[in-house]
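In the two assemblies presented below, chain A is common to both, partnered first by chain B and then by chain C.
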Partner chain A sequence: MKHFVHFRFTLLAALVCLLLPLLVGSGSLATEVLIFALAALGCNLLLGYTGLMSFGQGIFFGIGSYTTGLALLRLQAPLLPSLLLAMLIGAVVALLVGWFAIRQRGTYFVMLTLAFAQMFYFVAYTMKDLTGGDNGLLDVPRPNLSLFGHTLLATTSPWQYYSFVAIVFVLVFWLLQRVVDSVLGRTLLAVRDNETRAAAIGYDITLLKLTAFVISGAVTGLAGGLHAMMTGVAPLSNIEYHTSEAILIMTVIGGTGNLFASVLGASFYVLIGNWLSTLWPRWLMLLGFLLIGVSLYLHKGLFGVAQAVLRKFGLRPPADTASVKEQHS
Partner chain B sequence: MNIYLLQVANGIGIGMLYFLLAVGLSIVFGLLRFVNFAHGAFFLLGAYFCFQCGEMGLNFWWSLLLAPLLVGLFAWLVERFVLRHVYALPHHFHILFTVGLALVLQEAVISFWGPLGNNISPPDLLQGVVMAGGFVYPIYRLFVIAVTAVMALLLWWVLEGTRLGAIVRAGSESTEMVSLLGLNINRIFSLVFALGAATAGLAGALAAPIRGVDPFMGVEALGIAFVVVVIGGLGSFSGALIGGILVGIVQSVMSTVWSEGAHLMIYIAMAAVMLLRPNGLLGRAS
Partner chain C sequence: MSNTTPILCARHVSKCYGKFTAVNDISLDILPGTVHSVIGPNGAGKTTLFHTLTGSTAISAGSIQVEGEEVAHLPGYKRVRKGLARSFQVTSLFPNLSVRENLRLAAQGTRPLQALNPWRRPELLRAACDSAEQLLLRLNLQTVAERLAAELSHGQQRRLEVGMAMAGQPKVIFLDEPTSGMGIDDIGDMKRLIHSLRDTTTVVLIEHNMDIVMDISDQITVMQLGQILAQGKPAEIRSDERVRRAYLGSMITGGKG
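Right after this comes the complex of A and B.
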């Protein structure tokens, strides 16, 4: 059963992919859930496993959108290469931003990620030839997944595209679970819990943080690319501060320290948001109150609530994979 | 050449406003040890209070007085009754709390005043321009420079010359020590948080006639305040002053050279300072 321990959250994530079509009427809404779950996973790797609170995840999301959009529009690249390019560029930009921001610790780091988010917004706004400025990149196509001219998976209808995104999502989730269960993941936890001690033991803190940043940038870039294909546009709003904020909020509301928590957070944010925004356009205000509530009372987010509920029914809830922090705070 | 000199003068005007915006953030950080992500929202609130006073027919001078007072009062209430309970928690939750607060305030502003921007005209007395030699300078901007300069002196005097300032400075070194000496540090926390918010509110009210009001000016202001304190050094009064003026000048001068990239250049200036002086121009090593 040793393998099951490692696989159970991946199986849970796959289960979510199977359940979403039953619960959600619209294919693009279900796709959006998975895309933002990917972005939240990237954010969770930083916040929950490395202790880095990044207000700059929108940078990688937006850059991913633009990269995929440009690859599809200008280079007529096929599906997978344009997504891989989004991951690559996302990783490179994350390396650059990380290299600047990681020089600072704590508060300065958080402020710098926000400042960089604003900077990249203005970069995208200024480079109108490449990004389309205010209008964004329009008419981004969505090619089928094909190999040597054979269509393996059509992506034309929303639900077809959903199945492609679901496969990508489960794959990435599994890979990230492998990362956080690996020696690297455990070392990142050491950095999160006590940076000074980890450095004293001899770990290269900067390198470890940068690695986490680069992985996170690649995953978020992928999410951005998938989003551009889903909507058919790579808009300026994908690189705005509000996207960064939304990704961070999903991650926090879901709960940090377990990858599956981000899936919960993103589902909650996207589905509840979609429902509430039809009732009351200012639903973000409730989200603000929720965030205040989470920071006051629900430190482990929805995942913590789910754990408590399971415990109440006498079930043994899955333990946090990263709960070392408890004694600290 | 003249145009550049004019832009430098303009930049000092904007820069003083940025100073006023950032100094509250810096002082609050110095004492409370967390960055207030709702600082931009306090700026936003100040601007909209100023707008509301104008709508209600109050004259501009009243709104300059009322906007910062109301923002300060609101911040005091938030600190006194809610924010206080977050202090014992890990650092991340302070930030999340203020992010949530900022979101609530922004959405509240949209539901009260609508999502679109509005313009505010400065009072008649301050309209028009001054001509001196080849210079043409709007009177309102001169007024802003004067008000912010007075505020800077006042804040400096409060911090350096009064008992309260001495306590705040001592608290920045060690809050525990200050409370062990028998001072009620919680009251000082509330007061400083309210003061920081009030300065942001005043900056918002002063900025409103220059740039108009819109619900998303808070986020923009927050980004700029961060740049200013990163350049100047967090927790440093003179750092905020130098950082603010520097950012203002860079922005104004660049707007003639390359108007599209004026905002971008501020952030590039920040990155350059980060490379050369990681703790900011006047920052202490953390």
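Right after this comes the complex of A and C.
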């Protein structure tokens, strides 16, 4: 049990996967939570662990959707290769975007990611033959998970697909938790905290940031691929700036510097958004207020709130290894 | 000091910012196993000289050799692997990480490719962890090892700042005003620490505290307006008329007398 400490957050993530079907009536909605949680994990690796606020996560999400869609439609590729291809292309595009964007810091870095997001949106819009333009890539199939002709896991019904996504989600969460606990993850924290000092003690900042970008792009691409299969469409909206914004908001609301916080953030955004939108079409305004609240008072996001509540009830909350106690620009 | 081959050799180093020349044609030999101080009035170009030597900023002209190997074209992080390390005038730590983690990261920096390993847990890389533990003792920071660097007192932060440069076991360590802002009690500790560094490494020191400079330096370079005004042993510098006029004035008699 001495290694429990390394797995506690992965177990929590698995617990969320088990609880979601009990709380949410719709399989698609539950699946969407996990898919956006994956995207938020990728964003958190950049924002919470490397100090990079990327407004370009929608690029990787959208490209992942298109890649998986095209692999399934044009290449008739099986389930896993289609998703692996989305990860690969997501990583390559992240390498490209990152390579340019990390030349600048702070505001200019953010503006560059924003510019890339716009650029990729219009590229997707223009290349109608490949992406379907405004209509998106339609009729994306959802093959079963099979090996040598044997079906291991059917994905036909929403809940069947949910099970598949849940397995992928827990696996990726475990891998990412491993990454942030590794030598790499701990060195990324040094880059986040103080680039000048990190360079002065011998680290190649560019290389470290690019590595974070590539991992983030792969995970976000995977999320995009899963999303295309869920809805049967790779829509233009997946590569839109709005997707980047949504992923970033989920990450910030959940709290940065802890991976499980992103699961909370994405669950909250998707579920509350879904509930509020049935009550009031202008629900995004409420989300605005919440974001103001988080920015003003709750820098550790929902995860920080959860920690405080647990503490109030006399429970010892899991300590976060990578929180930021002192804000600096 | 039988060894007279310089470990670091700078030739005609200049650094211009637009029309302003901060460092103007400086040539400098740093001998191994010595404490070499750089002094001079504010704005003389001492810190810019440090930036150019350690690679924090690129030079406009000149050559910098470490043990005969040209390093002037290398960015700062690559010069760490050639055995250079520095501390900053304004404390530059990882504020949200523990003191132990600050030192562990600094020790690991000499093997930066290891840092790309996304699987290994840092606790398993014993060398860096052991270096951090030894430094905690040497810097007298063992009681605050788990505290965040941001929570330390100023004196502790300054010691950690020097420790960050020591962690990579460099051949040449550049200390930029290690005692800046320190209280009188802490200064003695810092002086002993710097002096003890000479046993294992070469120290290049920028310092305004003449008591320290005159006491522990083997060689002193005096800078003024981006150029070298004088160079020599402490006694020679103390009695140099030009230095007295330009910089030391009453500082020297106010210091060690």
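To be clear about the criterion, the second predicted complex is superposed on the first by the 321 of 329 C-alpha atoms of A that agree within 3 Å, B and C clash if a C-alpha of one lies under 4 Å from a C-alpha of the other, contacts with A are read in each partner's own complex, and residues count from 1 in each chain.
FYI, contacts are C-beta pairs under 8 Å (C-beta built on N, C-alpha and C of every residue); 3 or more make two chains touch, one makes a residue touch a chain.
Given the structure is predicted, the values throughout are model-derived calculations rather than measurements.
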Chain A residues touched - chain C or chain B, whichever exceeds:
B
Touching partner for A:Leu96 - first (chain B), second (chain C), both, neither
neither
Which partner does A:Gly288 contact after superposing on A: first (chain B), second (chain C), both, neither?
first
Tell me the contact category for A:Asn194 with respect to chain B and chain C: first, second, both or neither.
second
Taking the superposition as given, does A:Leu88 touch the first partner, chain B, the second, chain C, both, or neither?
neither
Touching A:Ser182 in the superposition: chain B (first), chain C (second), both, neither?
second
Would you check which partner chain A:Leu73 touches, where first means chain B only, second means chain C only, and both and neither mean what they say?
neither
Go through the superposed model and pick first if A:Gly202 touches only chain B, second if only chain C, both, or neither.
second
By the touch definition above, which chain A residues appear in both interfaces, chain B in one complex and chain C in the other?
328
Provide the residue numbers of chain B that touch chain A in the complex, in ascending order.
29, 33-35, 82, 85-86, 89-97, 99-108, 110-111, 219-220, 222-223, 226-227, 229-230, 234, 260-261, 263-264, 267-268, 270-271, 274-275, 278, 286
Quick one: in the complex, what on chain A touches chain C?
178-179, 181-187, 189-190, 193-194, 196-205, 207-208, 211, 215, 323-326, 328
For a test of understanding, state which residues of chain A touch chain B in their complex under the given definition.
47, 53, 100, 103-108, 110-112, 114-119, 122-123, 125-126, 241-242, 245, 248-249, 252, 282, 284-285, 287-292, 294-296, 299, 328-329
Across the complex, what residues on chain C touch chain A?
54, 56, 75-77, 80-81, 85-86, 88, 92-97, 101, 105-106, 108-110, 112, 114-122, 125, 148, 150, 164, 167-168
